[in-house]
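Please find the structures below.
You will see chain A twice below: alongside chain B first, and alongside chain C after that.
Right, the complex of A and B next:
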């Protein structure tokens, strides 16, 4: 028997691709045009700014997408993980930097911010695991009915407890650092970029790369993906569901905490610092489709671009209103997101 | 025998407007409280007013969350939109650019209508969406409304806040307490009458199984939009009361998501889908929390931590809430009574 191969011209294939991914093509095309326009209008420094903050929103949104994809939890307290990370970064970095004032040490001053971020990741992971064991595991044991909505409201309560618990224990004061690296900004392709921003971007890239490797190549990562596709099936082949759930939640919390520590020079640490990162990471996941981890990484950059564009053209006080209006529009037109969501059964619950 | 049927008739009549005889007694006690010793102090009267304000919000919130099963995350923002509309319409001072100088008594109705219009809009926007998507959509609308209120500085003064006229010239809190109590009753009785009619059945059907409800001939569009509009109307109305009672408005203290969460927590602790649960629990709650707050001033935010912890505990371990507990206790008690009567009868009978 002869195999027939359907020959399609490049144009045909392109048009099929474009039609199949119309919302994504429109949004990405629009973003590229907007980015070029901003670059011409205000110079390439803004683009560097977008790429740096975009990396961080990608990190946050990927965690949010992961938690939703694997555990079907719409995580409202994600911003509070960011807040905890910022505090850990502050409390670890400040003593080191005080010590460095008295006895300067080039190597230590280079690794001090890294130590802060790693400490934030560890604390975040522990916090995530504890929260999962204390709150979500008991609820899962009791009932799965109305799971998405119930866990959403649970995380709302959790966010309250974390924010006001922090206010109670640490107080409402702002705690910030002037900068991580006390060196002049670097000129790169005509852009002047602060070293702190490059540091934050490198952290984001390394973490995203590590996450991708972990999810694609390791046994545990594959188990996580299996659980997100089919929980019963995963259980049948011997995957320990409870462990995977705890691990996923810890991973997502650690990622948000890392973002909080890495952006300490921009945001400072205070109890409600997580609000804006929370809004923005929710914009990202709603735009790309709930539970789509890789889409969230691209979406992070698009939202950062939108945010910068709004600040540029409407003024800084509108920077939540205009993106929100656009997200409402996207939610009306394509509720499953521009890249589509592979998570089953959200619409029914 | 005749007496008993009269009693039954009264209790049935009360049932139509959503009261049990016990509830009515509690309400009368509540209405008389401002004349009794510890409660006639002005600051405690303020707590009572806060309690009634939150109680009424809980009822309007539960009308959406507990019946059509859509959590309106923009509730506080819609309430704030009503408050701002009414406050701007009543304005006479030159600090903002318009001075319509309308009476607050008319303004709150226009504010309510405007909020109802927003609710109608949210209802239309969330039509295609369910569960979490609808909640997030309402949330986004709330964020946008808050941002707009912050940015329309020439009529709202933005984050600086505005000082709307108050309803009355008096500084006493007692008249305000009766105003908000009456408003709470109107909200509760109206919504109770709605959910007792075939609308209520339709709401429950849509909330439990959207597709099955549609298949059995219920028009989900109509009912959902109607529900949102009515709930938002009352939210805006209550917002008007807030504006003209406290005499100070900022977007952050009124329209923020955390305000919605406070109402949501109370409605859930009270028992969702009961309408009265949140209302009943609001008074003791506000009292406990205000007492806590005034005694432990060095612990800011403790009351909100308690809200959060209670809400988590209720959702994980006792989702029926206070209303569920009441039904359980009543069942248990009447069971015990019946058994006691059953045992007593053979002995008494000669």
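Right, the complex of A and C next:
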């Protein structure tokens, strides 16, 4: 059979790519311009700030996207995972730091924050698994009718229970730490960056890299993607849906908890600390398309950039306004998000 | 190998299967034919564990599997290739095939089976890196069968493999099924293309209105008056 090969020049290919991904190109292009503008206007240290918070929103939003993509749950108690992580970070780090005041030890003071974050991840994973087994698995067994709405209401209720339960048990006080690393900021490419921020960024990068590797290269990661693409197909090849659901929820909760612990120096721990991270990570997933995990990682940085830009140019109390306005625009113009949604489950139900 | 004893299956209040009994012996190639809506797919879904029977028994190698969830049935050695294929459309051909061997823990065996299905369907080897959602209907059907083979099943349930395929592709699919059968795989085939099906199978069951209406060797079925009138249009 004869095949016609269409020769395309580089410019043609580029223009086809740009037209096909127009919303993504516009948003990312705008973000880059904005970032350069901020760097020129206020100095590069704001960029470091954006990268650090962006990494954390990416962790939260990736978990949200994962839970929505695999289980079709719009998770509105995700902020409480952040909150629990912040508390775990506080309660693990504070005793070690008090001990260090009397017994200075360079190695221990270096690893203490890492211990806090790992503890948060473990507690988060257990909490996620327990919640999935106790709340969502029984509902799934009972009925799949109205699943998205029902789970939405369930997660909102769960959020109330966790917030007020925490207030009851631990109290409404703010519990924070002055800093994780008691060392002067480092000069890096003309930016003065606090070591705590570098720590948070390293945590985010390692976690995102590990998540990407897990999802793309391992058998279990592949099974998670399989469940998000075709549940019946996944069952037919021998994948235990219940196990994948519990694992996915535990993974998402652990990532949010890690973010809570890693950002303890910025946010402190108190019962409603998760509200703002929840909103921002929802902005991210709506912007990039529900269920799109890798889009959520890029989106995390874009939202952090918008937030910082708003704080810089409009004032600190405006920082949720611009992301919200952008989200409204995106929902009107490209409802499936700038990178397109990968969620298949909604239409099937 | 597989035995259904007076199986009744329903969706909510709508009963589809009424006292369906059938059996498939080791190495046999059995057809299940019947008009649209007779319950052929429901029968396969019941065996595969996607539906559980309201009453009756499903036995596989002497073990009752009626109450088992689909993933455990699959791990016991039954592969169901559904009509809608249920491929992972945003994954490459290779990834789909590797997922087919999800329950296989032996990495070496997994790669051997991969070579075998690539030998069976050379087209899939060419398209290894392509996303399965972007392939043509015939290629997707081959991929679904190949994915079903990846777990080294003893029993293959195939639902309407010729549906929507051009005649020469149907021919390819049937040839692949025959080759599998020669390698000792037991097959239960649901098909609309009655003529070709009776040509290649050993035995056939006819399902009408959710009940087994007839059964017998495929050759005899072909000569039967009712079958000739209703299904072969002679």
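By definition in this document, the second predicted complex is superposed on the first by the 340 of 349 C-alpha atoms of A that agree within 3 Å, B and C clash if a C-alpha of one lies under 4 Å from a C-alpha of the other, contacts with A are read in each partner's own complex, and residues count from 1 in each chain.
Basically, contacts are C-beta pairs under 8 Å (C-beta built on N, C-alpha and C of every residue); 3 or more make two chains touch, one makes a residue touch a chain.
These numbers come from a predicted model, not from an experiment.
Judged by the touch definition given at the top, the superposed model places A:249 against neither chain B nor chain C. Looking at the shared chain after the overlay, A:165 reaches chain B, while chain C stays out of its contact range. In the superposed model, A:229 lies in contact with chain C only, and not with chain B. When both complexes are overlaid on chain A, the residue A:239 reaches chain C alone and has no touch with chain B. Greater residue coverage of chain A by touch, when chain B is weighed against chain C, goes to B. Within the superposed three-chain model, A:219 lies in touch with chain C and out of touch with chain B [touch as defined at top]. Comparing the two complexes, no residue of chain A contacts chain B in one case and chain C in the other. The part of chain A that touches chain B in the complex is made up of residues 74, 135, 138-139, 142, 148-150, 152-154, 156-161, 163-165, 167-168, 172, 279, 282, 286, 290, 317-318, 320-321, 324-325, 327-328, 331-332, 335, 346-349. Put simply, chain B touches chain A in their complex at residues 69, 71, 125, 128-133, 135-137, 140-141, 143-144, 147-148, 150-151, 158, 258, 261, 264-265, 268, 299-302, 304-305, 307-309, 311-312, 315-317, 319. Taken together, the chain C residues at the contact with chain A in this complex read 48-50, 69-72, 74-75, 79-80, 82, 85-91, 95, 98-103, 147-148, 150-151. Interface of chain A with chain C (complex): residues 219, 222-223, 225-226, 229-230, 232-241, 342.
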